[in-house]
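Once you've had a glance at the structure underneath, I'll fire off some questions.
Chains here go by letter, A, B and C, matching the order in which they are written, and residues are numbered from 1 within each.
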Amino acid sequence: MKVTLQNLTKIFPSRDKKSGKEVVAVNDFTFEIPDGKLIGLLGPSGCGKSTTLYMISGLQKPTAGRIFFGDDDVTELSTENRGIGLVFQNYALYPHMSVKQNILFPLQNLKGKDKMTKNEMLERAYEAARLVQIDELMDRKPSELSGGQQQRVAIARALVKMPRVLLLDEPLSNLDARLRLQTREEIRRIQKETGITTVFVTHDQEEAMSISDMIVVMKLGVVQQIGKPQEVYDNPTNLFVAKFLGTPPINVFNGNITGGKLYIGEEAVMDVPGVEDQAVTVGIRPEGFELADDGKLTCNLSNVEVMGRDVSVVSTNDASVNPVIRSIINADNKIDLSQTTVRFNLKPHKVFIFNAETEERLYVEVK
Amino acid sequence: MVDNKQQWKAWLYLSPAIVLLLVFTVWPIFNTVRMSLLENYSGLKAAGGAVFEFGFGNFEKVVQYKRFKECLTNTVLLCVLTVPISTLLALLIAVTLNSIKPLQKLLQTIFFLPYVTNSIAIGMVFAAMFNIIGLRPDGINADTWGIINNVIQFFGGKPVNWINQGSQYWANMTVMVVYIVWNALPFKILVLLGGLQSINKQYYDAAKVDGTSRRRVFSRITVPLLSPMLAYVIITGFIGGFKEYTSIVGIFGETMGPPDAANRLNTMVGFIYDALSSNSQGRASAAALILFAIILAVTLFNNMVIKKHTHY
Amino acid sequence: MDKNVMHAKDLQQTSVQQKIVKFGVKFFAYLFLCTMALIVLFPFYWMIISSLKSLAEYRLNVPTFWPQKIIWFNYVEAFNTANLGSLFVNTMIVGVASTLLSLVITVLSAFAFARLEFKGRDTLFTLLLATMMIPGELFTITNYTTVTQLNWMNTYTVLIVPFLVSVFYIFLLRQNFLQIPNELYLAAKVDGTSDLKYLWKVMVPLALPTLISITILKMMGAWNSYMWPRLVANDEAHRLITNGLRNAFTTTSGDVNYPVQMAAVALVSAPLFLVFIFLRKYIMAGVSRSGIKG
């Protein structure tokens, strides 16, 4: 099912009536979610990603704009008539019902011609349970399950009625690190197997990048960039997106363009032919550094963290916006820790130049 | 390691409470058991140096009293009628109240109002509502006058003599049930509303996503999740119901019934006080212990039923 | 999946249906609540308008819903007939004294249970809690004898002392004290603060809402107490308000001036309402944890 968001806007009236300041949670969001894809809504807290999800679910009404499922305008339709499945952040499993009862619950609500017999319901419930591999836990209570298992039950409950769209609100945030890795693969697999258009919300960029077909990066209610994870990573439209994606995060420098050359501090690190002189902000991905004795960027070496295949070189530079610069270098490079400085050459496609004031990307040729 | 100074200090701080509790709580427990087991024990006779035999006579006599059976019947009847009615009504009000936004605070305050009343004082108001005057000094019979009867007549019913001379037992009982339910609502609404508001909203969102009908949300989600609070309200309701006394005094005065049928509405507690007033401490103690046993049994029974039906 | 495809007409129909159902549900919710609220409020309304009627108007076969002529004098008469002045004073004396003493005892005990360590603390506390199950009438029988032997009959003492200790209040305050981090106490110890000073300067201010709840419930208790005062201090000099009210208007037949009676009831209820209006929050907080009236 294709989901279309058209100029979607949500404004919350201010809590404090006197100050009267409204909060624009989502501002003019337009996007067509292709059928059968897994979409990650990504952004820091307060960026409007959950509000967007809840508007798609129908639990919140948009202030303006329209939502279409396929060709149907569902904006005015209430939640129960939209045929969606929703997995809540803390799962919202009914604590007094067993796993089986929880999964059966949505089916028992069906009325009229959709009504099923007991056996049909059980069959469907077990099918959903098998899909998320919890069919052996059917008689347990939610309180007797681990976080990961509860998560699966919640997904099974959302899937059992074969929703047109599956929505997941921070599905992994309540899991520990190991389970998170495992579960996100799981979500990917389930989504692939069912082919249900799925939207999930997360503040964890790694999570979003690793499983999404497409990601939507949001900030303060405004969509910053939409695209395939790798595309967005390789080609951020502004400084915010560049900073938000990637671990370790991108290194940011204050720089200058003078006479077709990009300067960081006093050093000309790159050629940017034909660009007029101006102050800029430079973002360099950690993997964009290459050690070279005659490198163009000189930094003060702080230390080297061994990560196995790679090493992370920690250094400082006066022009750096962050306290330290992190660069990921192949471990084959031997670094003499006794030296005080370290020199780098930069990989052009890992260097992004932004307008110093608007922080928008300057699409210029970097050599 | 507990140092001695702290020990000593703790007992010092506790001493006023402990002394008072020993005299007015602990000793009475033992003494009540003692008195109940001494045949025909009377405080007055004991002061005169009388000696009483050990035995279960007090219990036997109490149980055989016709008046005791009446009191027990009244008490049980009041409990059985008022607890379910007030609990159900409070549940309905609390759930509805929880579902609205404008006026919620105001209505909540109104529903709590009967709590802060003097049950004797407002009992007198209810008595006035059910019957204005009784027999008028000018000889006109006004037994069935009163605002409640006016309302009944407005809807085409027949006026009833609720609490006056010649009134029926069921009429008296109805008045008591209405008054006790009115009085019991605020506490129950308060507790249930508090319970409802602490239920995670996401359960309702989840139910909504699944297209659950209102009735099903109520019976499959709200009531089960509210069951600990419901249990609390029901148990305290029964305990309160078995100790019913002052509300009857409020409406009927200390005659505990219409003028021509005094004591017709007496309760267990009333029986105990009557025995006490006539200096039969032995009987009073026996009745108090029976009351305690009943309350304990009802509480345990309720707990058992509740354990079966609340699963988390 | 086919059944999920909706057509524009169906969509519109569903959305209109939704709105009607929603409106209907809201309408009935308010209708129900307002009706119930009126029923709850009616006795109060009836009390007030009755208290302002003349006896003749009160005795009409078809009652008036607003006094034809407002008789304020009923209140003066009520005040004098029921001797409300002295009843107020008596009740205030008993209420204030028992509240203050009870607070001191409760604070000290709760502190000992919450912060001090002594042998048998938990056992003792459990035993105290167990006494809460026993109906009060069971104690009354013996206490009646005890206070007679102590020669306390018809004194203020007998109205104050026997009920000073409330296990429930100790429990309530102890729970509150336990929420205050123990580090504060240890820090105070390091600084050489005495227990009592710490209790007064730190614990009491932090637990103030609970203490206010206790104060109000205790005062309401004195105001509403009926059985015990009737048993042990039913003389003119010490009679409390509830007894006084019931005694002043015992008969329900004969030539009773009902409007005056309602005026007296209103006067007795008024202080409770005032307390309720201004301190509702504390009452509700205390009550929702107790289940005990007054």
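The rule is short, and it goes like this: contacts are C-beta pairs under 8 Å (C-beta built on N, C-alpha and C of every residue); 3 or more make two chains touch, one makes a residue touch a chain.
Being a predicted model, the structure only gives us computed values, none of them experimental.
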### Query
By label order, what chains touch subunit A and subunit B together?
C
### Summary
argmin over chains of |mean CA - global mean CA| returns C
### Query
More contacting C-beta pairs: B-C or A-C?
B-C
### Message
How many angstrom lie between the centres of subunit A and subunit B, each centre taken as the mean Cα position?
### Response
58
### Message
Counting only Cα atoms for the centres, state how far subunit A is from subunit C in Å.
### Response
55
### Query
Quick one: subunit B and subunit C, Cα centre-to-centre, how many Å?
15
### Per-residue multi-chain contacts in subunit A, two or more chains
78, 81
### Touching residues on subunit B, where the partner in the complex is subunit A
200, 202-203, 205-213, 216, 220-221, 224-225, 227, 310-312
### Complex contact set, residues of subunit B against subunit C
2, 6-7, 9-11, 13-14, 16-17, 20-21, 23-29, 31-32, 35, 43, 89, 92-93, 96-97, 99-100, 103, 107, 109-122, 124-129, 131-137, 142, 145-147, 150, 163-165, 182, 185, 187, 190-191, 194, 214, 232, 236, 239-240, 242-243, 245-246, 249-250, 252-254, 259, 269, 272-273, 276-277, 281, 284-285, 288-289, 291-292, 295-296, 299
### Query
For the complex, which residues does subunit A have touching subunit C?
1, 70, 72-74, 76-78, 81, 83, 113-114, 162, 164
### Message
Under the stated contact criterion, what part of subunit C meets subunit B in this complex?
### Response
25-26, 29-30, 32-34, 36-37, 39-44, 46-47, 50, 58-59, 61-63, 104-106, 108-109, 111-113, 116-119, 121, 128, 131, 133-146, 148, 161-165, 167, 170, 195, 220, 223-224, 226-227, 231, 241-242, 245-246, 249-255, 258, 261-262, 265, 268-269, 272-273, 275-276, 280, 283-284, 287-288, 291, 293
### Task
Can you check the complex and tell me which residues of subunit A touch subunit B?
57, 59, 78-81, 84-86, 88, 90, 92, 94-97, 105-106, 108-111, 141, 143, 157-158, 161
